Each structure stands twice: as structure tokens, then as C-alpha cells.
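Just passing along the structure, written as C-alpha cells.
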Amino acid sequence: MSLNKIERAQGLRIRSQQDLAAGLFIIALGLLAIFLSWNLPMGSLRQIGAGMLPKSIASICIGLGLLLALSSLRYNGDELSGWSWRGVIFVLGGAVLFGLTIRGFEIGSLKVPQLGLLISGPLVVLISGLAAEDKKWKELIIFAVVMTLFCALLFKYALSLPIPLAPWLLGI
Amino acid sequence: MKKLTLGLAAAFALAFAGTANAQNYPTKPITMIVPFAAGGPTDIIARIVGENMSKTLGQQVVVENVAGAGGTTGIARALTSPPDGYTIAMGHLGTFSAAPATYPGLKYDPINGMQTIGLAGGTPILIVARKNLEAKDLKEFVAYVKANPDKLNEAHAGVGSVSWTTCTLLKGQLGVPKLNAVAYRGTGPALNDLVSGQVDFMCDQIVSVAEQVKADTIKAYAIASPQRSPALPNVPTTKEAGLPEFQIEAWNGIAAPKGTPKEAVDKLVDALNKALNDEGVKKRLLDLGTVMPTAEERTPAGFAAVVKRDADKLSPILAAAPK
Amino acid sequence: MGEMISHLTLGFGVALTLQNIALCFVGCLVGTLIGVLPGVGPIATIAMLLPITFGLDPVGALIMLAGIYYGAQYGGSTTAILVNIPGEATSVVTTLDGHQMAKQGRAGVALGTAALGSFFAGCVATLVIAALGAPLTKLALLFGPAEYFSLMVMGLCFAVVLARGSILKAFCMIMLGLLLSTVGTDLETGQERMTFGFPPLSDGIDFAVLAMGVFGFAEVLRNLESPETRDVVRTKIGRLLPNWEDIKQSINPVLRGTTIGAILGILPGNGAVLGPFASYTVEKKLAKDPSRFGRGAIEGVAGPESANNAGAQTAFIPLLTLGIPPNAVMALMVGAMTIHGIIPGPQVMTKNPELFWGMIASMWIGNLMLLVINLPLVGVWVKLLQVPYRLMFPAILIFCCIGIYSVNNQPVDVAFTALFGLFGYLLIKLGFEPAPMLLGFVLGKLMEEKLRQALIISRGSFYTFIDYQNRPISLGLLIVSIIVLVIALLPAMSKKRDEVFTE
């Protein structure tokens, strides 16, 4: 949004929280990329090295981020809006849990057994379902079971994808 | 409801059977991991052989494609899974013989850390070039490469691929390891640029290049096998064409995790052998330009010897190759 | 002409047997189904169905597999329109206006337009393959690494036009997409880049993982935040099919989209991806009121959808006439042919005319079947939108999870998708749009590859890109990119200086 005369006279100050945060975010990502690709060789034009493109693109990102951050001092824009942790935790948590349990997982001493779709399926539906404010327990549980059976039939049998159902129980 | 109870009972029975000893092997489907995308040469051979092996074993052999890192991701997953005979892998020259030298942090040891089952087939390697390259035959080509190491462009399908591995061997043997190498994502795009003359030569498996050679869109200098291939009878062997030291074949073979019970190994070896003797399978494999493995190579020990032989041949050159 | 008719007669003779029609139908139905399911792509399905086709004759098997392929292309746009999840790179553009239409209660119209536009594009593309397949092959061979790089540059310029709001932010997103595309093992040197030493990242980020995260999951998170907006979809259900007014509005975009898509589809290395983006750019620039785009403009669905389908069909040209697969699905088709003892090469057309022309004829039949299958389904899909959102999003989630898992059979991909969901949510909060990022990501890999290939071949000389004597196409494409960029920036520039960065 352009500024009127009075606003212009007020000099530089943060006029768009969103753009400022966005600019800083891009700068941070660019710096992270440069840090991660620090040891990769640039190479020459004749034989471009593995590091040339990541570093150049990251530098452009930083430049654009700076522009964006500076423009937030000059032009009016949106404020930052709230952040819903409820969705993030339940929805993304459900998905991560699915990934952990579908084939089992092992990091160091942490061991998750291979549970297969018959367990992972209801888990993801139930846990993500908690994110809805208007959830109904009974409905959700029935839905989780029905969806899982439907998916098992659809993916495992109709499309014959190699997805484990319940290796600890059925052996498949 | 009755059906459900029956189903559950059957499920429990199955689960119980699953824990029984290896003598009844196999009691459930066997997963054959192919460490490449579906549709590639290894995948095709795995599916053709796997389908027939299912008949002998009485259980489905399910092909699962786990692609990544030149095939090492899938092989690593297969070889680190429980050694119960229900997870096996179809790998090739690259994943079993070349990988230890190509990938320093490899998560498996193909020489000492796996149970070989047997070789499923060899795939001859050809040296091919764009059709208007001046060199007429392999001798001229070798002379030209040695005299002008800076003029030619080699195409390959990415570091770790069969074409990269074999061409690196060729360049090492010719003493021009630094020759310009242009990397492509897979054989298809590399071949496209070879046909259109953007690049000068490449090495690849016969199944990928044979039809182009037959149609005269590219030319083949030699085949790096002891015998000519019936698919391309006019292409001389490297021995005939004057480069006898360049001998390499991109075989595909089956392996299981180390510690797989002997009963399971024996049954898998037998199933593989029966599949390779089946006329239908044989015809399909021969159509692909495959060289059928000898009786010796179909055994665990014979296959292990092949892996070792090629690893010894490739390791010094790959370790020294510029990447 | 006479020759073409005799060829097509041969082709229809092969394709119109009862068995082959049935196979084509099954293929299209399965294809539509997997296209609608987010994540499950044609690659996994074709691979799984390969053994089933062992018992069939090669022509029948290929007809069925081809049906799955274009059925999936078709079905992918359904998900893009209904739940804003692009199953493939080619349906990213459809989400922009298609999903907006759905939110306005015009899901049926959007789906119907996509179906009719795709059918038209498919018919034209089939004719193009039959009539010009062989000569057009030369086009694929004219494109070396330098031309390809210039084409990608042009594609990125299109991405700027995609932007709805701030052009500066769109540039940021494109660059971020390019940056993400460099993650993974370097193709030339085998070095790992920005992988944190984490093996699952060594092959880079999968498109499905990124798209499902920043579109699918992030969209769910956004919807959960504001119950009002998500219920709009349920309360209003308009017409199920486009009316005459809609069709009139769509005719020209469909014609242009078909042309653009058909040409780009022939190019090797997945040129088809650019089709929908190019079509969208053209439509937005030709429109009297470009501000309607991104807010449910029917042209933004009709054009790109036609381009998508036309490209999907003409992508068969390099495969059928050269024997060289231009993308991963086509590589799988090569595998399927090979298993059936037909090794594709330049001679397929002369050696197996019944296969070649039978497949071409079946493409047309397949397109007709897709229309027959999909038009009645429009009603079903729209009904699905009436499912309360508290049940809808867990269902989307389980489909996404299974779908992503099945792409590479890697559970860790599901976790990555969740991570990108968080990332996408953050981008929404910061006012960024994910579409330009996805285009940057898709083009980034190819662009780097082609840049490096071209420079190795030219021994480090940038002149290769503007060498008007040897590479006029490359020069031409770069000139077009500059023009596109100027057109995109001009309206912004001509406004008052204060408004430079907001369109």
C-alpha cells in the first residue's frame, strides 16, 4: 500500500510485520544453505562444482530477503496473524506417527516395532481428528476403523501396493 | 460376523505358521527389493524371474522398488532386514561390486556381509558413439581418444550408474581418466543427446542401446564380452576389435541378508535355477540381450566369486577416478 | 492424408476388439482412481500392475497401461480442484483457480470444464501424433542441453506471472524452490549437498513430498484455523456442469492450451511439465481483467488442463518414434514393452505397425472413455465435499500418508511431508505463495543439470546459449523469456513507485 504524505514524513519504521518476518526468514534460509554448502567446491565455469549453484542461489535469496525486509520499512502491509498449534501438533504429529509405525523405526536406543497399516491407519485418523474443534469421539473411532479397512482393501488388494498390513499378526 | 470370526481365526493360524521353523519356508510372500525405479533393466529382470520363482516357491515374490543413491539405499535396506529369507534383493554390478569403492560410507559389505543366492543373468556392455563420429572402428577410436583427450564428450547416466562405472573403467584403462564426462539423469536423456549428436560416446547395457544401433541412429564400436551377442551379431567383441583388456559385464544377481537359514537359501537357489531353465523366462531374458548364467554362477559360491572378481577389477580404478 | 487414414483404420481395427476396449476401460478407470488418490502416482501403479499384464498380448497390455497413465493425469486434476492437492507437477496450476472455483461452489463447473477441455486436447493430440509424429521427432532431437537450459529459464519467467500478490515475494519463492532442488547427491560429482549427512535426503526431496506438504498438509492446517471458510464449500453447491456461458469463455483458452501443451509435450526430459504453466501465463496476460486469476477464473482451469492432457499424449511421440522415454512414466512404458518382448526403438513403427497404430487409436478411445467415466463422477466428487470437514481432513491425511509411503516405500518420506507441511504453513503465515516455489523446484533440477552439461560441452563458454548460428533456438527462447519478464514487470513498474512491489 502506498503511503500518504503524513505517513511518509514519519520516516522509516516497521510498516509490515509480515514482510519483515518474511524477509528475515528468507535471509535465514539463505544463510543456512550457505553454511551447509560451505565445503562444497565452486569449481570453474568449465567444470561447475557441486557448490556453485547452491551458494549462488542462496546469495540471491539473501539479497531478495534483504530487499523484502527493507521494503517492510517503507510500505504498508499485513500484520502477522496467529498460529494454530493445535493443528500443527495433532495433524503433523499424526502423520509422523504413521511414518514411524508403518515399518518400524530405530534410532539409537529408540525402537518402534513394525506395526503396519492396520495400526498406523487408525492412529493417524484418530490423532489428526483431535485437531477438529467439533470432534465427536464415537464418530471418529468408527470412521478410523472404516477408513483403515477401506484403505487396506483399496491399496493392498485393489492396487496391490506392497504396504505392510500387520506383519506381527498376519505376517504380511 | 461369522465371516469376520473365520477371517480372524485364519489370520491367527497364519501368524502362528509364520513362527514355525524354516523347514516350511516359505509360508508368506517374499519381498524382492529392486534398488532402482520400476521399468529399468534390473527391475525387468527381477519381475520376469520373480514371477516364475513364485510358482516354484508356492508364495508370491513381490517386487518392491526402493530407489536411491545408485541403488545402495535399497540394497542396504534388504541386507539389514531380518535374515529369515523373506526379504531378498536383486542388485547388479554397481550395487555389489562397484559400490564399496564408489560410496565410502556404504552401509553393507557385499563381499563378507551378505548371503549370495545366484546370478540371474549377464548384460553385455557396449561402447557406442554418435553415428557421425570420425573414428570408424574401435582401434581408430582408441587412437583418437588418446591423441585428443580434450575433444570428446562422454555421456553417462550419473555417478554410480552402470554406464558411469563401465566407462570409468574404460577411461582408466585407456589412460584418460579426466576425459570430459557429461552426467545425465538416467540412460534415456543421455541416449537422446547421443542420437542428436550433442555428445560423442558412452558405454551402456545392450538392452538400452541395441535398438538404436540396429536402426543406425548410433554406432557400436565393440561389445565388452567374451562372445558376440546374438542380438547384435555384427558388433565385434573388444578382443576382436583390439582392446582385449576391456572386459566387463553388467550382471544382475540375487542376494539375501547374511545369516539367512540354509533351508531358505537352498529353496531360493532352486527356484532361481528352475526359473532360468524355464523356456518362457529364457526367451524373455534372451530377447533382452541377456547372457544366461552358467550352472556354477547360479550357486551362492559361484555368484560370490563373480562379485569378488569384478570388485577387484573395478576398485582401484573407481577409487582413483575423478568424481 | 490417405496414408494416415489407412494407418488409423489399422489402428482402430486393433483397438476396437472387445478385449482391448475392455482393457482400455479398466486402465482408464484404475488410472482415474489412482489419480484422484493423493500421492499414489501412475508410476507405482503401473509398476505393480506390470505382472498382471504378463498374460495379455503386448498391444492389450500397453493399451491398459497407457490408459492408467492418462487416466491418472486426468484424475490428478480432480484432487487439485477439490482439496487443493496437486498430485503431480502438472496439476499445480489447476489448484490456483480450480480450488478457488470449488470454494465458490463451482466445483462441478471446474471439474466439467477440465474434463471437456482435456477431452478436446486429447483428441487433437491423438491426431497430431498420427499425422505428425514422425516429423515432430526431429524437434526432440533439436533440443540439446543449451536449448533446454534456455527453455527452463523461460519457464521460470512464467513463474513470475503466476504470482498473485507481491512480485518480490514470488521471486523469493522461485529462488527458494531452486535452492530446495539442489538438495541431495550432486549428479556430476556424487557429492552430497545440504543433506545434514542424513541418508534419506541423499536423493533429494521428492516432488510428491514437497507438494503434499506445502499444499495438502498446509492447506489442512490453514482450514483448521478458520472454520468459516472451509464450510463455504459445503453450503453452496452450484451447477454440476458448465453452461453455455462457461463453455464460450473456455473455448479459446482450450485451443491455446492444447497447442502449447502439444508442442512442449514432445520435448525430452519432461517438457510437458511446462505446458500448464505456459498456458496459465498466456491466459493471464491475454485476459481483459488479469486480477480475476487466482480467484476462480475459469480460463485458469480450461487452458492449463488442456495443455496438461495434450502434453501427456504427445509425450508418447519420442517414445514411439525414437524409442527414448522423455520422463519416468514413459521409462516405465519402455519397461512394459520390453517385458512383452518389444524393445522400443526407432523401428517400432515399421516393425510393429499394429502396436504403434493400435496404441494411437486406443488413445482416442481412452479419452472418450475418460469423459464417459468422469462426467458422471463429477456429481459424486461434489457430493464428497459435503462430508463434514472434521472427517474430511483425517481422510485426506490417511490417503496422503499411504500415498507418500508408496511413492518410494520409504516411511521417512511421510515424516518429511509433515515437516514440509509445517514449512508450508509458515509460508502461508508469511504471505508467500507456494506455486512459484514448486515450479522453481521442478525446473531447478533440470536447469542445473542442463546448465552444467551445456558448459562442459562448450568448455565453459556462455556464448553457447546465444550462439545464433549454431543454436538459434536457445537464443530465441532467451529472447522470449526477456519479453515475458518485461511484460510481467511492466504493469508494476508503470504504477507509482510506491506500489512497485504489489501488483
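Here the chain labels run A, B and C in written order, and each chain numbers its own residues starting at 1.
In this section, contacts are C-beta pairs under 8 Å (C-beta built on N, C-alpha and C of every residue); 3 or more make two chains touch, one makes a residue touch a chain.
By chain, UniProt protein names: A = Tripartite tricarboxylate transporter TctB family protein; B = Tripartite tricarboxylate transporter substrate binding protein BugD; C = Tripartite tricarboxylate transporter permease.
Keep in mind that this is a model prediction, so the values were computed, not measured.
With A-C and B-C as the two chain pairs, more C-beta contacts join A-C.
With centres taken as mean CA coordinates, the chain nearest to the overall protein centre is C. Chain A and chain B, compared by their mean Cα positions, are separated by 37 Å. Computed centre separation for the pair chain A/chain C is 22 angstrom, with centres defined by C-alpha atoms. Averaged Cα coordinates give chain B a centre that lies 32 Å from the centre of chain C. Residue numbers of chain A whose C-beta contacts span two or more other chains: 162. Looking at chain C, one finds that residues 44, 188-189, 191, 409, 452, 456 touch two or more other chains. Multi-chain contact residues of chain B, defined as those touching 2 or more other chains: 63-64. Those residues of chain A that touch chain C in the complex are listed here as 1-3, 18-19, 21-22, 25-26, 29-30, 33, 36-37, 40, 44-51, 53-54, 57-58, 60-61, 64-65, 67-68, 71, 75, 77-78, 80-84, 86-88, 91-96, 98-100, 102-103, 105, 117, 120-121, 124-126, 128-129, 131-136, 139-140, 143-144, 147-148, 151, 154-155, 159-163. Only residues 162, 168-172 of chain A touch chain B when the two sit together in their complex. Put simply, chain B touches chain A in their complex at residues 11-12, 14-15, 17-18, 27-29, 31, 62-64. Of all residues in chain B, those touching chain C in their complex are 37-40, 43-44, 47-48, 51, 63-69, 73, 102, 107, 153, 158-160, 180-186, 188-189, 191-193, 195-196, 198-199, 207, 210-212, 214-215, 217, 283-284, 287-288, 323. On the chain C side of its complex with chain B, the touching residues are 43-44, 46-47, 50-51, 54, 140-145, 185, 187-191, 199-200, 202-203, 268-269, 318, 322-326, 328, 330-336, 338-339, 341, 343-347, 408-410, 445, 449, 452-453, 456-457.
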